[in-house]
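This report concerns only the one structure given below.
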């Protein structure tokens, strides 16, 4: 269990993914860890945050006492709107998603497989599930990033050869940030791109359930300047 | 003007007879076995008062369509929602994008009933759910979507390749009744929603044979909403009811103000 | 050619069809003769006129000099809006049509067949055609009424056994008003329901290209009180 | 601020770089063989100025999608429209709801070219045309519709029965560029249309990789349109140009004022 505390905080994981966002990107953040991406300081970059319930261009969480009771993000949190925001209904919101206009979706996951499959909607042994918009997003976004703890509470790896629980989508994940590092899904397999400070490559390997492509040099995870 | 009985709820475009005096009046004719859609996303745009009226009305063997079966944390524990209808034994089937808790710590009334085999739960990706209702409202019987391809939800189902990509066939999801919440309405049924209150609500209104709307602001005279500013045209709306102030009417509360 | 002038005027044909509209009906009028239906005095009945270009609830034509240059009906005529009107885009406008919410569409036609087929989009020998929204309307409206001259300029019948030119939709026509009378498409065939003043049953029969069911008594075409 | 070159027109959501100085700048990158959509119904919402710019730009082998190939009677005879592009020899194919005159007395430039086999004309029912573009904009590759079943347009094509009724399979119609006309825009590309100007325009904006908009009113600062009142969200809009007053810019004229 000691690995869980090791390495990056959740905010640092999300910061690292947020660094990849390009100017003008339309971004959809999943419930849970990924929402922390919106705390990143994007500087001059203009990032448009989209939420499944039809909010295009939302801003930071509303300060306590200033909430607009008519306005929440996909996680039900009260958010603010940025200038230029627009509201659409659910069918148009998913038109935006399915037509491939979401440049990146950052999602949480239970498991990511080295072939790019991932699972985030159904816990083992559960009846039914909580899909929300994840299947639409995962199938259609230009990039799918995952932010998750490297291991389960029981110390089992979440980066695996094949998903053991039902997949959300197949072969779609591009980039994964965990507390131990940054991982890219390549055609050759899962590559360790950056490693968390204070974590050894051996530690990453032993906490991972699939082969890892380890470059000769693995730089530390880039952090906010 | 108040109309006590809807002779033909599926039509009734007349401005003069859309305004109902009470939630109970507006849901009186729901038959057993009907398919009902409930709008809203989290609490925003959720027809809390109409949930209560349908629970009191008591129709059974209902198929209920909504994003999820609970309204989120910003409602008091005794507020009406689909959970109340489930406990009432009114629900035969739910069609939702969430049919299980999303966290191990969460409890869902639905789960107990599904586990016992008392309710069938059809899990549908949120975009597919919206599009299936949009299709119903647009006279499109079926369409293809990329969502859920390759997953458990597509097992045994028909897929087809277009331009080299695999898509899943999905059929329209028509509703007998849509229950939604709007910000403003004029007497001819034209609606406006505020901010993320819009969500599923315009889609459900178009998918339904009868659309029943709880309205937050005083009902405006016909034509008070500029034709360019109407979100849902009155031709899709059949019954409107002004929500009374609390405690008679249910309203979402600011976060932190809820004692559960 | 003398039959053409005989019987009802185009306005009278449209008035007769408009009498059938019920309170609350949503009505779509085709280009040409059918537009005259909107001149009918509906009294207490509330009729909602819908136009393919997304206008729900239009009113009379705009008086010369008062036209709103942003507002036309499906025929490109400048119209007015009634209180409670709403504007939608083309996809939503045809959603209204295809979902069966148009109570009646009144269309012009070149030919109507006794089996309910009709043709109005392609003249004989023509390449291409002008469909507009007629195929969507004809396939989906709850009632399809036709307003047309009983014969062509050459004196050929327009009520026929089978359409000779390409059909717009099959088996959909309910009611036809011509200058000679009012005709209902029944499961037994085409029935003469009302006859134009000054026109004999024999004249109608000889101007018609299919069998006609002629009741023992054929009342005159009902006119505006 | 003015952006002279679009590095990547298919993205470019930045408010700072959507405003173009001229129609010609905004159409410069159209390649030969592109599929272009032109909005408008009759003259209302028709991108008259962008028709002119595309005609000047000169791209060839174009597939052009619009309701019809002429703008109706309320434009001067020399106003740009698809007829001008056809005469220019730019058009390979048109996809329209009108491909022939609707009256014997009418003349259509298109007809001459179709009769000579120089242009292919695909005739599509108006609702199907709108829905095919809506599908493209919604990531739906294909859908079923009741329109045109049993007609010449359905001959040899795939149909399927749902709930006892026959429907025709139709595929999405994606556009490389959409050219549309709007009433108002803010600098982030949010649009509003006035009255029946809306028609095909929002649908085409969603169907297109690049949406170019001629705007009637002065372009507003970002955020000047309330988020609830936006008809087409800026994420679907890439290039906006203010229409200059006449005679530099083309504007519809009151009926009766036209000398043809």
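All chains are identified by letter, namely A, B, C and D, in their written order; residue positions are counted from 1 within each chain.
Definition applied: a residue touches a chain if its C-beta (ideal position, glycine included) is under 8 Å from a C-beta of that chain, and two chains touch if they have at least 3 such contacts.
What you see is a predicted model; the values in this text were computed from it and never measured.
More C-beta pairs touch across one of B-C and C-D than the other; that pair is C-D. Chain geometry summary: the mean Cα position of chain B and that of chain D are 34 Å apart.
Mean C-alpha positions place chain C and chain D at a centre distance of 30 Å.
Mean C-alpha position of chain A lies 57 Å from that of chain C.
Contacts with at least two other chains are made by residues 81, 87-88, 91, 94, 97-98, 140 of chain C. For chain D, the set of residues that touch two or more other chains comprises 131, 134, 138-140, 145-146, 193-195, 198, 227-228, 231. Shown here, the protein chains touch in an arrangement that is not a line, ring, star or fully connected set. Chains that are in contact with each other form these pairs: A-B, A-D, B-C, B-D, C-D.
Of all residues in chain B, those touching chain C in their complex are 11-16, 134, 136-140, 186-188, 190, 206, 222-223, 227-228, 230, 233-236. Residue ranges of chain B in contact with chain A, taken from their complex: 41-45, 72-74, 97-102, 104, 110-111, 114-115, 121, 123-128, 130-131, 133-134, 145-153, 183, 193-203, 231, 252-256. Residues 31, 51-55, 64-65, 67-73, 76, 78, 81, 87-91, 93-94, 97-98, 122-123, 126-136, 139-140, 166-170 of chain C are the ones that touch chain D when the two sit in their complex. Of all residues in chain C, those touching chain B in their complex are 23-26, 46, 48, 50, 56-57, 81-88, 91-92, 94-101, 103, 140. Those residues of chain D whose C-beta lies close enough to touch chain B in the complex are 131, 135, 138-146, 160, 162-163, 165, 167, 171, 192-195, 198, 227-229, 231.
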